[in-house]
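Note that the chains are named A, B and C in the order they appear, and that numbering of residues resets to 1 at the start of each chain.
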Amino acid sequence: MTTTFTPILKADHLTKIYSDRPTPALSDVSLTIGKGECVGIVGESGSGKSTLARCLLRLESLDQGTIEFRQQLYHSLKGHSLRQARQHIGAVFQHPTAALNPKLTIIDSLMEPLDLQPSLRPSFISQPIRNREQIATQLLEYVQLPTKLLSAYPHELSGGQKQRVTIARAISTEPDLIILDEPTASLDVTSQAAVLKLLQELQQSLHLSYLFISHDLAAVYQMSDRILVMRHGQVVDQFASNDLYHEERHEYTASLLDVFLA
Amino acid sequence: MSLSIGLRYSFLTLFLLFLIVALVWTPYDPYQIQMGDRLQTSSAIHWLGTDHLGRDLLSRIMEGARTTVGISLAILFVSLLIGVPFGLLSGYIGGWLDKAFKKIIDAFMTLPDYIFALILTGLLGPGLVNLIFAITAVKWVSYARLVRSIVLEQRQKDYVRLAEISGMKPWKLVVKHILPHTIGNLLVLATLDIGKIILMIASLSYIGLGPQPPSPEWGAMLSEGKTYFQTAPHLMIFPGLCIVITVLLTNSWGDFLRDRYDVHIQSHSAKRSMSSILFRKGV
Amino acid sequence: MLSIRGLTVHHQLQTLVHPLDLQLHRGEWLALAGESGSGKTLTSLAIGGLLSADLHAHGSIQLEGKELLHLSEPEFRHIRGREIAYVFQDYQSAFTPFITIGKQMDEMIRAHTSLSRQQRQHSCLAHLEQVELPAKPVYNSYPFELSGGQLQRAAIATALLLSPKVLIADEPTTALDSLTSRSIIQLIQRIQQETGIAILWITHDLRQVQRTADTLLIMKSGQVVESGKSHSIFFHPTHPYTVQLLSSIPKLPSRYRLELQNKQVNT
């Protein structure tokens, strides 16, 4: 490839130890995510992949390691400067039901990030629009949801619809990076496929970078340019997606391949 | 206790009406001593009779309602005012504050509420303000504890995390995403507590640690009346009945609200139990 | 062996499972696949009389010619375990927490047979060995001392204790890691070859059963939309929903295809 690689996020030697666990949840994990790139992380439960996501989102403190986000120091930011840096990062989690406050209507949950930063207006929203409701309507259209859902409460939506709302919310601030932690694991097979397709389309049209985390190697392959394999808090293998069947694949990767190769 | 909704509301309305009337009007001056009329039983002039100083008993009970219910609401209000913010801070900030709070809880758990309040009023001396202070000191802990546990539970929710990622300031996050989840629980606990607080006030007053004579308070009235129990039992029966009715009413409303609040939780768990039926172990 | 005709399940006025026919033969692996709300689990529970009281099943379910649907609860208890055994998704609650695995397995045999203590223990150990667990240590363990995969294996051993004719497995690997679930499936496959037990496998993930199932039933909103030989459905699905379901599954390209793709990109 001839395009220059500009990292949007660069994490080095991340280590996280929980006092109640014998082994580190993360041990010396390093990764970079380039602009417009999708990096996939595959691992089973307990591999540390979700801990990694939470550390990158600064929801948990690190014991060791550094994170640079948009060429700026990120892991030590606090208060106002952390809030500023986090404007450029989005997240989608596994359980769409837990991601929406049951007491708020869809529009209020969806617009929360933009309500917090009234000066931000996503560039992909057509310009003459001013009004909050119109922006929300367009966001829902972007994720192919009927706009009548705006005034609904989360329990009236299906799992797939809720996940689309959280995706719409994640793209609303036009972040540079979206961290997707098992975004389809709790969905039915058909809505899983639809959500993956939506995520790919959004990545194309909005030039997003993704960190796509899943236990499903096939889904990770489908989404990602590069794949990191995690096990017991360590990155045991990493490779470009089109280099999946290389002789030097780690034996753990090979056994995963064996399972997912139907 | 299950009452029909209509009955439940009519009892509450009657009780509130009684309180409102007591606030603005009593048939006689509750402090007016008429030694010539002492220890009379019910009559057209004095509906509930008179006490050992010839004061109109109904007027004193109405005046006492102001005191007893008023004090209990005041105690409740102050407990909420201290307990809720403390619980929020303790749960949200954590760290040394939370550790200190846990120590306080442990300390309070060692003795029953009554004993604690008794010791405190004993130390401070009798009187209205000291009584309020003592019971509040005991009561605020349970509110702080409740709020703290809800905060800890809510903090784990993804929508709280997402709000944090979206750059929401901590205090706003607490107000928007955490506080609303405490309201139902607080309402139930507070309603149930009114009865307990009234009983506490009455029992402390009964042993002379509450408001001092001549101010009428139901517990104190019981205490005054006990000397004349054999000749004028109405002196104890009517204030006693008032305490019983009020406590029953608040308890029944508390249960009612808790059921209603739990119904909300159950409608969620009903869905879950549907799936637990589906995945039931049957072998 | 197991023959279901016109089975329906109702909840009040709602029909949750529409008339369903199913034949399960000795040594056959039948997979019942569908998304949540498709009625696959209700069907599996109806077979063992495990539906909750507010659900009503009609039609006919015959096990070796014997009608099951109108059995009383004690009669059903007699059948479950002996003739029809279940393995569920939630392996955590398959065992009572504070009783050893061995005791719970022993209880199961004692409830159904009059074997001596030694015979019972011998049978338990043999079945634990059959599921490739270290028999003695697991026999004496408490459930919380075992990993998820081990617990599910122990649950399978318990299900097989009385040599049932039909094993109903309701998403038994969904809560497990992909490598662990793979090994569980291989284990059941081996046991099937050894014992000829008939297997009804309930799943939402078609990938799991692609290699193992002989027959496939695809369900959607309480109806069977397609059924037939597993490989013919996988390679020539006819119903649009089956096509959609199959195309929804994330797939890895074969080594050959990927190399071909890479070559095309390079040139």
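Just so it is clear, a residue touches a chain if its C-beta (ideal position, glycine included) is under 8 Å from a C-beta of that chain, and two chains touch if they have at least 3 such contacts.
What you see is a predicted model; the values in this text were computed from it and never measured.
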{"item": "Chain whose average C-alpha position is farthest from subunit A's own", "value": "B"}
{"item": "Chain whose Cα centroid lies nearest the overall Cα centroid", "value": "A"}
{"item": "Intercentroid distance (Cα basis), subunit B paired with subunit A, Å", "value": "48"}
{"item": "Distance from subunit C to subunit B - Cα centre to Cα centre, in angstrom", "value": "55"}
{"item": "Distance from subunit C to subunit A - Cα centre to Cα centre, in angstrom", "value": "34"}
{"item": "Residue numbers on subunit B that touch subunit A, as the complex places them", "value": "157-159, 161-169, 177, 180-181"}
{"item": "Footprint of subunit C on subunit A - complex, ascending", "value": "44-45, 188-190, 192-194, 196, 215-219, 221-222, 242, 244-245, 255-262"}
{"item": "Contact set on subunit C toward subunit A in their complex", "value": "35-36, 177-179, 182, 204-207, 210-211, 244-245, 247-255, 258-259, 261-262, 265"}
{"item": "In the complex, subunit A residues that touch subunit B", "value": "57, 59, 83-84, 86-87, 89-91, 93, 95, 98-101, 103, 109, 112-113, 116-117, 166, 169, 173"}
